[in-house]
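Structure first, commentary second.
Labels run A, B, C, D and E following the written order; every chain starts at residue 1.
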Amino acid sequence: MISISILLLIIIPLVVAFLIPLLDLYNKLLRRYLVIIGGVIEISISIYIIISYFSDLKAGKFFLTYYLGGWGPPFGINLVMDSVSLIFSSLISFALFFIIIYSIGFIGHHEGKYYVLFFLILGAMQGAILTGDMFNLYVFIELLTVTSAPLVAFKRNKHATEAAIKYMFYGVIGGLFFFVGVILLYFNIGSLNMAQLAQHFAEIENNMQLTIISIFLIGLLIKIGIFPFHFWLPKAHSACPSSLSALLSGVLLKVYLYIFIRLFWIVIGFEFLLEFNIASFLVYLALVSSLFGHVFALQASDIKRMLAFSSIGHIGMILAVFLLNTETGFYGGLLHIISHLLMKTGLFLSTGYLLQYTKSNHIDDFAGVGHQNKGIFVGFILLTLSMIGMPPFIGFFSKWYIIMAFLKIQHHFGAIVVVLGSLSAVFYYLRFIAKGYEKIKLSASDLKNEIYNRPILSVFYREKLVTTVIYIFVGMIILTGFSFRLFELPLQEGIKELINPQNYINLILGG
Amino acid sequence: MIYLEYLLLLFLIIAAVMAVYFEDEVISIIFLSVVSVILTTLYLLYQAADVALAEAVIGAGLNTAIYMSAISQIREKSK
Amino acid sequence: MKKFLVGLLFIGLAFLLLINFAELPEEKLITFSLSDYYIGFGLEQTGALNLVTAILYDYRGFDSLGESTVIFAAVSGIVLILSRKMLPVSSHGLSFIVKRTLGILTPFIALFSLYVITHGHLTPGGGFQGGVILAAISIIFSIVYGSAFDYKRYSPELKTTFETGGALVFIIIGGLGILFDGFFLDNLDFLTHSPGTLISAGSIPLINIGIGFKVGAGLAIVFYSMIQKTFGEEF
Amino acid sequence: MLPAVTDNNLVQIMIITGILVTLLTIIYAWKKLKKNKIYFVMLTIIYLVSFIIVIGTDKWIVFLGGWEFVTLTTSLMFAWDDWKLVKQYFLIQFAGSSILLYAVLVIINNGYAEVGIINSTFLQNILIVGLATKSALFGFHFWLPAIYANSSGLVNAISSGWVVKLGYIILLKVIIPEQGNALLFYAGILMLIYGGVKALLEVKLKVLMAYSTLSQLGLIAIGIGSGTVYGYYGAVLHIIIHALTKTGFFINLDDIINKSGTQNIYELAARFNYSLFKIITIFGFSFSLSGVVFLAGFNSKYLIKNSLPGPLLLIIFYLGGLLTFLYTLRLLYWLFIFQGKQKAFLLRLNNYKINFSIDLFINIPILLIILLLGNYPDLLNYWLPALDSFSFPLGSGIGETILYLLVAYLILEKLNWVRTKEKEYLEIDVLFNKIEVLLNKIGKASLKFDTEKIVEHYFLRGIYKLSGKTHDFIYRSFSDQLSWIPLFLALLLAWRYLV
Amino acid sequence: MLHHLVFTVLFLLGLYTVIYKNNLIKMVIGLNIMEIAVFFWVIAVSDTGKSVPIYHLNKFAASFNDPVPQALTLTGIIIGASTTALLLTFIIELNKFADTIDSNKLEGLNE
C-alpha cells in the first residue's frame, strides 16, 4: 500500500538539515526551536504510521511502499517498510528524539554544524532502513560514514582527530567493498532492485555467488565492527561527545546490523550461506568477537571506551544469534537489539553528564561521581543492572531468549560465551560503580571545564532535563521488561518475513 | 587504434606505481593527477563520456587542488 | 621475513581476485534488464538525450539527492573541523602575469561551467561536473588573487546561501513532483518541448542547475577553509 | 509405602517457614538498626515476595527472575554493614546465578518446561551444579565463611537461615523421592564431615556458625539424595527446624558479639554476663541443632538416619553426629563453662531480667516450636501426611543422646577443649596464596585476613592484568590492524578451495 | 581479462599503500588509487564496444553502451572525492596538534 509517510521519514530530517545553515545566517536562536520541531515531527510521523496501520499489522499484512519518481518497482527506486523495518525505524526516531533533547545544552561550539550533521545522520539512517534499492543503500551507507566522521572529530583535539582518521579509513574501505558487491550483483543479474535481485540470485553460477557473498561480508563486517575489524570502534566511540557516542554505538551499529540481515536473508537468501557453510564459520567469528569485546571491556580504563567495547560484545552476540537461523534466534536477536539500543543510549547519555564532574574520562578520576549527582548515577546503575540481565528489566528476558536459542540447537559454545559475557559485564560495570561511590571530595576548581561540556542553559534546568531523559530510558526498559509481549506482534511478523523472503518478493514485484 | 588502449593501460600502472613509490608527497600527487588524466582518456575510449568529464574535473582538478592545499598547510606548519 | 610474508599474501590475493572476478558472465541474467529499459524508453519518458543524466536525475533521482547530501555533509564537516574564529590572513597570490591572464580566462571558465550545467541532458556533463568547474573559479580566486580577494568577491555567507539554496531547489522540485504527478521527484513532463532543445527534459535541467550551484558553492567553501592560513590557537 | 509429599503441601509449609523466619529477622532488624530502618524492612519485604515467587512458581522464567531478585535484595542488605561486601557478595552470587541460568536453560531445552520432577539424573546433576554456588554445596562453599566473617549477624541470619536453603527446596521439587541423587548424597556427606571438622577447629564465632550451617546443609543434602521417603521427610523437617534455630542462633550471637565487641570465642566468656534466659535459649538452640532428644533436631536426624542404606554410611552418619556434638559442646564450654580467672559461670548468674524485644518475640517462639516439634512431630501432619505413621523412639533417644554427650565430653576433655590459635587466613586465602606465588613469583605480601583482599587482590586484578595483556597483544599497530583486511579477503575469496 | 588484471594490480597497490605506508597523506593517496581501480574496472567491464549512451542529433542509433554503471561510477567518483577531502581535513587538523603525519610516531592511532 503506497503511503507518503515513509518518504517524509527521510525527507524531513534532510530539509531541517538544509534549513539550519540558512537560519544561522539570520538569527542563531531560532535554530534550537527548529531542531526540536524537527525531532517532534519525526517521532510523530512514526507514531502516525504505527497507529494508522496497526490493523494491518495485526492482520499480518503490514506492508508500506513508495515509488520515487513515479517509476514501477524494478525500474525506479522504491521505499519499502515491512514490520522488521517498522521496529527499527520507530526505535531510531524514538531514541534520536531524546538524544536531540539531551544535546540541546550539551554542545558548546559549532552547535549549528552539529545539528546539521545530526539530522543528516537521522535522515540517512531512516533511508538506509527503508530503501528497497541496493545502490541507494550504498549511497546512504556512505552518507552515514561521511556525516558521522566529522562528528567523531567534533572535539577537535588530538585524540578525536586520530579517532576520526581511523574511523574514515575503515569506513571508506568498507564502503568500497560494498560498492564492488553492488556492481557485481548488477553485472550478474542486471537489476538493482532488491526484490528482483532476490528473485534471480539463485540462477547465478556457484562460484560467482560465493564471490558476491564474500565481498559483501567483508564490507559489512567492517561496518558492524566484528572482531578482526573492530579496531576503529572503541576509539571513535570514546573520542566523540557523549550524545553522539550514544547515537553511534546505540543506534548506528543496529542500522548496519539491519542492513546485514536484510542483505543476507532477503536479497541473497540464507540457504546460500548454509550451502557454502560460511554460516557456521560466521557464528564462531561473531562469538569470538563478542568474547574479545567483553575481555577488552574488562581492561578499559576509560569509561566510554569500556562502553564501546561492551557494545562490540553485545553486537557480536546478536549477530551470532541471528546466524543460527532459528525462530527463537530471530526472536532473541530482535529483542536484544531493542533492549541493547535502549540501554546503551541511556548509559552513554548518563555517562556524558556524569563526566562533567570528572577531570578526565579515566577511571581514577571517576571517583566520587556517585555523590556528586545521585539521581543520574542511580539511573546509570539501573541501566547497568539491565545490561547485566537482572529480572525486572528487559535485559534479562532478551539474554534468556538468546541463550535459549543457542541451547535449542545444542550450540553450547555460544551459550557459554553469552553467559561469560554477562558475567564479565558484571565485573567491569561494578568496577566503575564501586569507583563512583568512593569517598573523594572533588573540589569545584578541578571540575572538567571541557568546552563542549559547559551547558548553555542554566545547570539546574539542564540537569532536570537530562535526568528526565535518562529516566525515560530507564522507564522504557522497565516497561518493556514487564511487558515485552508488547513487541510480540511486530516481532512475530518480522520473523515470518525473515524465514520466507518469498513473500517480500511477491509483495513488491507481484503487487 | 587498439594498441592505444594497451599503451594507456601500461602508462596507467606505471604512473600509479610511481605515485606510490616516491617519498615526496608533491611528486606522488602529480603522478596521481597523471593517473587520472590517463583514466579520462581511457574512459573516452570506453565510450563513457560523462564519467570521463567527471574524472577529468574531479580527479585531475579538484583532487590535486585539495591535496596541494593540504600539503601546503602541513609544510607551512612544520616550517 | 615480514616483507616476504606480505608479498606472498598480496600475490595470493591477486591470483584469487583474478580467478573470482574473471568469472563475470558476458550477458546479464534478466533478459529485459534495467539498461535495456532505460535505453528503450529513456528518450520518450524523460525527454533527455543524455541517458546517463536521465538515469541520474529522473529514474534514480533519489540517488542524486543522497549524493548531493553527501557533498553537503562533507562540506559542513570540513567547515566544522577547520573553521577558526581568527580573522583569516590572506594567502599571498601569484605573480602579476598569471593574475592578468586569468582575469581574461575566468569569464570563459564560468561560461563553460554554466554550459555544462544547463546542457546536462543534451551533452555529457550535468549538475555535478558543472558544479565542480564552477568551484574551480573560486579556487582560482583564492590561489591566484589570494583568499582575501576571494573573500570579498564570493563571501562565505553567499556561498552558504547558494549551497543550501541549491539543495532546497532540488527538494522543492521533488515536492512539485508530488503536486503535479503524485510522486516525489516525478518528472514535470509539461515543461518538455521536442527533445534536443534546451528546455526539453522536464525537471532534469532545473535539478541540474540546483545541484550545479550547490556543488559549486560547497566545494568553494571546502577549498576556502582549507587554504586559510590561520594561527592554530584553540577556537 | 509412605505417601510422598504433594507439591503444593511442600510449597505451603516452606512458604510458612520462610515467612516466619523473615518476620523474626525483621523484628530484630527493627530493634538493632539505627539509620534508615524503613529501607531495610522494605528490602526484606521485596525479598520475602521474591522468595515466595521462587518457591511457589512452576515456570522456569519466573523462577529464575525471582531468584535474581533474591540475589539483588540480599546483596543490598549487606549495604548496612559495608559496601565492599555488597560488591563481593553480588559478584559471587551473580556468577552462581549465571551457571544456574545456563543449567535451567539446558533443562528446558531437554523438554522439562515446568519446574517439577526431572527424570534423567544427568539433568538433575546439572541443576545441582547450577544451584551449587547458591546453596553452598561442597565444591562451591568457599564464599560462605568468607562473607559471614565480615558481615553482621542479622544478614547472616537471613542468608544462612533461608536464602541458602532455597536451592534444597527446589531440589525437593525436582528429585524423585524414591530414586534420590548420588551426587547430592555424597556431596552431603562430604559437607557434613568437612563442616564438622572445620567448625571444631574454628576460633571466630561467625565463621564457626558458617561451618556448622555447612554441615547441617550436608545433612539436608543427604536426606534429599538418599532416595527414601524417610530421607525426604527428614530433609523437609530439617530444613524447617534448621531455618528456625539457625536464624535464632545468629540473632542471639549477633547480640552477644555487638555487646562484647569480639568474635573470638575464648575472650567472649570473660566479657559477657549472660542472663539466665539467654543461656537457656543458646543451650536450647545448640542442643536442638546437634539432635538432643525431646528437641526437634532429633526427629529429623532420626528420619535421615533411617534413610541411609548401608551400615558403612550409618557409621559415617554417627561420626557426623558426634562431630556436631563435639563442636557444639566446645562452643558452649568456651562461651559459658570456662571460667579461667573469672568466677564460675553459675556464680555470675546475677541478672534474671528478660531482654524484652529479642527474648520475648524471637527466642521464646523458636524454643516453643522446637519443643513442640520435638515431642509432637505430627503437628505438621496437615502438610506432611506421613509424619504420624513414623514411630519416633523418644525413649531410646535419651540413651543415644547421653552416649553422644559422654563420648563428646571425654574426647574434648582429652583434647583440652581444642584451644586453637586464631588463624590469620581463611583456608581459601592459603589456596589463593599458592596460586599467586605460582603465577607471578613475586614476594607475597603478608595477607591480612580480609574478604576485600581475596576478591579484589587475586580475582579482579588478575582478570584485569590478563585482559590487558590480550588487548596489547591484539592492538599492535595501526598497519597490523589494517592488515587483517587483506588476510580476511584472501580467506573468504579462497573459501571454495578451503571448504 | 586484461581489465581484471589492471584492476587487481591497481587495487592491491592501493591496499598495500593504505596498510604499509606510514605517511598519512600516502595512505589517502593509496585509498584514492583503490577507488580509481574500482571505477576503472566497472567502466572497462561495462564497455561493450557500442557507442556512448547519448542520442546524437544526426543519428538515432539504437546500440548504446550500458548507461547504468556509468551513472553509478559517476556517483562513486564524487563520493570518493568528498571522502578524500574530509580525510585530508582531518590530517591537517591532526597536524596542528601532532606536527607529524607519520603514522608510526602517532601513538594514538594504534590505540
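Miscellaneous remarks
Everything that follows uses one rule, which is that a contact is a pair of C-beta atoms (placed from the backbone, for glycine too) under 8 Å apart; a residue touches a chain by one contact, two chains touch by 3 or more.
What you are looking at is a predicted structure, and each value in this text was computed from that prediction instead of being measured.
If you take chain A and chain E together, the chains in touch with both are C, D.
Each step here moves to a touching chain, and the least such steps from chain B to chain C number 1.
Distance from chain E peaks, on a Cα-centroid basis, for D. When chain centres are set by their Cα atoms, the one at the greatest distance from chain C is D.
Comparing each chain's Cα centroid with the centroid of every protein Cα atom identifies chain A as the most central.
Chain pairs A-C and C-E differ in how many C-beta pairs are in contact, and the one with more is A-C. Separating the CA-averaged centres of chain D and chain E is a span of 68 Å. Our note on geometry: chain A versus chain B, Cα centroid distance of 38 Å, whole angstroms. Centroids built from CA atoms put chain E at 10 Å from chain B. For the pair chain C and chain D, the distance between mean C-alpha positions equals 74 Å. The residues of chain D that reach two or more other chains are 475, 478, 481-483, 485-487, 489, 493, listed in rising order. Under the contact definition stated at the top, the residues of chain B that touch 2 or more other chains are 49-51, 54, 58, 62, 66, 70, 73, 77.
Looking at chain E, one finds that residues 9, 15-16, 18, 20, 45-46, 52, 54, 68, 70-71, 74-75, 78-79, 82-83, 85-86, 88-93, 96, 109, 111 touch two or more other chains. Of all possible chain pairs, the ones that touch are A-C, A-D, A-E, B-C, B-E, C-D, C-E, D-E. Listing the residues of chain C that touch chain B in their complex gives 50, 52-53, 116, 124-126, 128-129, 132-133, 135-136, 139, 143, 219, 222-223, 226-227, 229, 232.
Chain contact summary for the complex, chain A toward chain E: residues 135, 139, 142, 145-146, 149-150, 153, 156-159, 161-166, 168-169, 171-173, 175-176, 179-180, 182-183, 186-187, 192, 235. The residues of chain D lying in touch with chain C in their complex are 483, 486-487, 489-490, 493-494. Those residues of chain D whose C-beta lies close enough to touch chain E in the complex are 475-479, 481-483, 485-486.
Within the complex formed with chain A, the chain D residues making contact are 61, 64-66, 68-69, 72, 83-84, 87, 90-91, 94-95, 98-99, 101-102, 105-106, 108-109, 460, 463-464, 467-468, 470-471, 474-475, 478, 481-482, 484-485, 487-489, 492-493, 495-496, 499.
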